[in-house]
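Labels for the chains are A, B, C, D and E, by order of writing; each one numbers its residues from 1.
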Amino acid sequence: MVDEKEKIVSEDMGVQVDKKEDIEMRSFGTIKRWATKRSLWMVHYCTGCGGIELAPLMTSRYDMERFGMHPMVTPRQSDLLLITGYVNIKTLKRIIRTYEQMPDPKYVVAFGSCPINGGPYWDSHVTINHLDKYLPVDIYIAGCMPRPQSIVKAFDDLMDMIQEGKADGYLRYKKYYDKYKANQEKIFRKWW
Amino acid sequence: MSITDIVAIIGMAVFVPLLGLLFMGIARKITARIQNRIGPPFYQQYIDVMKLFSKRSNISHSWVFDIGPIFAVVGMLTTMLFIPMGGFQLLSFDGDLIVIMYLMVISGLGIALGAGASGNPNSGIGVMRALVLMMSYELPFVLILLSVMLYYNTTSLAEIVSKQADMAWAVLALPLSAIVADICLQGQFGEKPFDQPIAPAEVATGPMVEYGGKYLGMLMLWHAIAIIVEGSLFVNLFLGGGIVFDPSTYVGMALNFLVWIGLVFLMFFIALLINAVMPRYRIDQAFAFYWKWPTILAIIALIYVMVVSSW
Amino acid sequence: MSEQDFVERMAKFPGSEVKLLRKGQIAMKVPADKGHEAAEYLKKMGFTHLVAIEYVDWIKDNEFELVYNLFSYSSKMRVFLKVRISRDNPEYITFMDLWPVAMTHEREAHEMMGIKFKGNPNLTPFILEDWKEIPPMRKDFDSRKFVKEKYDSIPFVEDEP
Amino acid sequence: MSVKKEGSYVSPFRALKQLVKKPHTVQIPKVVKPPAERYRGFHTNNLEVCIGCGNCSRVCPDNAIKMVPFPEYARKEPGSMPLRPQVDYGRCCFCALCVEVCPTGSLQMVRTFTHVDEKKDSFVFIPDSKVVHETPDFVLDTKNLRRK
Amino acid sequence: MSQTKTIDLFFGPQHPGITGNFSVRVTVDGDTVVKAQVIPGFLHRGFEKLMEMRHWIQGPALICRICVPDPDHSETGYATAVERLAGIEVPERGRYIRSLMLEMSRLSAYLFYFGGYAGSIGLYTVGQWGVGDRDYILDLFEELTGARVYHIFNFPGGPRWDTPPGFEDKVDKLMDFLEKRLKEFDKLYFNNRVFIKRARGTAPMTKAYAQKMEVTGPNARATGWAIDVRKDDPYAAYPDLDFDIITQKEGDNYARVIQRRMEFEQSIDLIRQITRKLRKMPRGNVRVTPNPLHWKIPPGEAYGAVESSKGELGYYVVSDGGIGPYRMQARGPSISHGVQVYEEMVVGQRVADVAALMFSLDVCPPDIDR
């Protein structure tokens, strides 16, 4: 049993971080992280136009399955959420839902200009300009669209970060859960 | 039960999933090559399972949901106990063929139960489709089993294997039955054109939709074992269980075992090739397909065996 | 029939202002109460294809302009049937009886411009989700100001405590 | 017309010959696939030639270019301003309109296109001529760019 | 059991059986759809509002994003509308380059389409091949325009640059490759018995229904209705090119797929015609360039349409004499066949065909949302 004091329980998500997992991570950490980085499954969700460059990447020309990456149908089975381009507020609600359904550890990659600072839609009334106000982002890619080479480089970097234990977006989400939630609530009037 | 038996059972329980995962990994590689790409390394499936078991949080819906995958894996492993593996067999008795059929359905029901408990409508539809599909291919398959049992005049799988070693392989003696059984095998493997239960574009992987992390790892192991069980059932029924060399020597035993692995992979490989070039049927079309030509051919095969064996 | 013939025939419609814009494109302006009649008239002339319903906000005139973009496959001509309605009480009649697909276009115009269409049963939210501001395509909706106030005012989630 | 009305169960199996053919996969990042001659990547700017007119900033559809003061380039020539463009790659859509309107031709685009970072403030920089046109791996080296 | 229980299934937005960020809520009775509701808007960016705050010349940089698999048609539609409004005549070579790009873009969109429909019925090999082959077209685009997906190349006034030397030969070589490849697609896909069983007779659309619901493009042609913006309202170099409108009869899923396959062949032929002409033409003069920063267009309105890979894609542009559009409105092809037509046609279909129908109609969600 885990001591109550060692738990950080975040509200209405039922997410728990406890010491036991830390110990586990320390003992088997390297192998676990290696397995995680070599088998990143991404959510099959094209949130924006960047999804179009994922298609060549997943199919015969660039074949991402070489790195063990392939799209998974449901968020429950996935490790990687790709924010492919601009984020409409209607989509953002679904993205947050999808993100919260994914089991830990999970990572977010933001594609292209739009999630960084708005991109071409910087003055649009329905797209948010900074994704990291609402979700923790592990890695950003420049470009509009990022070329497949850039995307592969980003995944490579993400894999290195996972191996070193630096890809801690999901931990940050728990740590600043209140702040993230407050920001999200400012955008949406009601959740459903 | 002696210590060696227990060791053998544990060995089997470790070895069979590993072998199945290896097959799945090679399958991904081969499919990738047909699709003009390189594909993942052949050990990718091991990494995937390792990762799935290292996932942290899991969402549970109820205890039925939790127990479903475990039930399925244990059921499949139990089935494996009765199946000869190229000369090795852990348990055997008269009529084990019927027990095998029964156990295979039981383990599938484990997943159906767990998926049903998840409350996701996609799971429900997936389970429904799986049951319809099972019903469709079981009919011709049972007819074929009857014909084989009748031909060798036994209901024990081990005896069928040993009789094939004496006479000829059933694939030569009963070619029609073998063809029908292979068509049914496609449905048992759940490869296209008969992968309706998990069709991603239709029901979003069906029964697996709510399973993630460790549960999905269990389901992957279940699938790996199921491939071996179903493949080796066919091998034992029609390809002489892979017994080619003299089983009395250790070298012969080892070689037989390797031949068995090769033959199971061959059956999986054929299913794989069909899988790569065929789209999936609608579930009603699959049902109509199985109850039409395979059933008719199975009946013809049964009549043929009746005529032959009554001579 | 040449373009000029078309212009003449359209000019016969009472209250219409017809202008040949360029090769193959004609603009026809009718008073708001004659809009549906004119559309029927044009449909009988062969303009059977409703390409889209365009909506323009002429804020200086305090009017909305609805442009029914019609195309004739038989004579390869295009006509912009223009109707102007008041900005204060934007309401118009539906064209669903002539072109069923007008429902979607009107639904969009209702959401983006705030124009109500009498007789259209499906004026539910279409593209936007719980939108409480003034309809976004209106000229007096300043999207840059809106973005600044709504999205840019949200603080970053800092890593430092 | 090679599409048959009824089709067949056998003809799809002819696709299996791909099994023995060479895969089409370009194995990035192991294999470097250089971008085309005209590829529009990141910006480069010859700060000596640039006159700081701000045309690029005005034509940019995304408001990505900001003119930042550079007192060391204050010259007396008419039309020359002590300003230089700073590009925000969180806005840029790589349309190259800024390159098109540059009167001196100092603002150019290079073929390097990769920039991946976990910090998003690294996506704003002042392009200068230090960016080599053809870096061997086609990856933009952010250290060569001046951050502001 | 007379009263059966219905379940609500959500197809999308996060679902592989959907053609993008889009959602369909289907009510299912047993295995049959009884009601469907389309929920678009996940890709809404308000282009029409944004364009009011941009210059005329900044348009292509923004609105190529309207239909992502087929961006050149978006650019050219806008460019055609603005040219008609301003009365600009594009040089002949410019028109031919534009047509070349549009047909290449159509090829790439159709390759996507083949893979999409095949993926929805589980034949992933076609998708893997098709999207992989599409990448060769993108390589050529990169050589011509300097970008892979968003080319930002067809400005009002003409294409940005002339073709690089030797480009026509490369295009011809690629066309030979694609023709060879199409034969392999025929064997694997279009002559596949299981595919035909799945697609034939599913969700047929009659010609009268297509006319009633303003369906355009290949979906309308698959019902036997010979309409094509390239013929009806010619733009770019199409008046000078030699081609006929291809039609099918049945209007079911099968006819829609085969229609695209036939048009694929036609596009290859058109591209060969264009490259033959381009080789004979003098190089250089492709674009009429107005001053990008101070370009004003006299007041008026115009509509320019193109035949995109999904149907009629048009732009209505209004000018009040300023440096940017007073109002711009896009007419995406999917607004007719993606919303009402889909909602009506999917009723009575099996759950298995919800995704297949969406892919066969080639619904492009950003078209609807804009």
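Note that contacts are C-beta pairs under 8 Å (C-beta built on N, C-alpha and C of every residue); 3 or more make two chains touch, one makes a residue touch a chain.
None of the values given here were measured: they were computed from a predicted structure.
Among the chains in view, E has its Cα centre nearest the centre of the complete protein Cα set.
Chain centre most remote from that of chain B: C (centre = mean of CA atoms). Centres computed as Cα averages put chain C at a distance of 24 Å from chain E. Chain C and chain D, compared by their mean Cα positions, are separated by 39 Å. Rounded to a whole number, the gap between the C-alpha centres of chain D and chain E is 27 angstrom. Taken residue by residue, chain A touches two or more other chains at 44, 59-63, 66, 73-75, 90, 120, 122-126, 132, 144, 147, whereas all remaining positions touch fewer. Taken residue by residue, chain C touches two or more other chains at 128-129, 136, 141, 143-144, whereas all remaining positions touch fewer.
Residue positions 12, 15, 23-25, 27, 35, 61-62, 93-94 of chain D are each in touch with at least two other chains. Chains touching one another form the pairs A-B, A-C, A-D, A-E, B-D, B-E, C-E, D-E. Considering their complex, residues 12-13, 15-16, 18-19, 21, 23-25, 27 of chain D touch chain B. Only residues 43-49, 51-53, 55-56, 58-62, 71, 73-75, 86, 88, 90-91, 94, 98, 120-121, 123-127, 144-145, 147 of chain A touch chain E when the two sit together in their complex.
Residue ranges of chain C in contact with chain A, taken from their complex: 128-130, 132-133, 136, 141, 143-144, 146-147, 150-152, 154-157, 159. On the chain B side of its complex with chain A, the touching residues are 28, 32, 35-41, 44, 47-48, 50-51, 54-59, 200, 204-205, 208-213, 216. By the touch criterion given at the top, residues 2-4, 6-9, 11-12, 14-15, 24, 35-40, 55, 58-59, 61-62, 93-97, 100-101 of chain D touch chain E in their complex.
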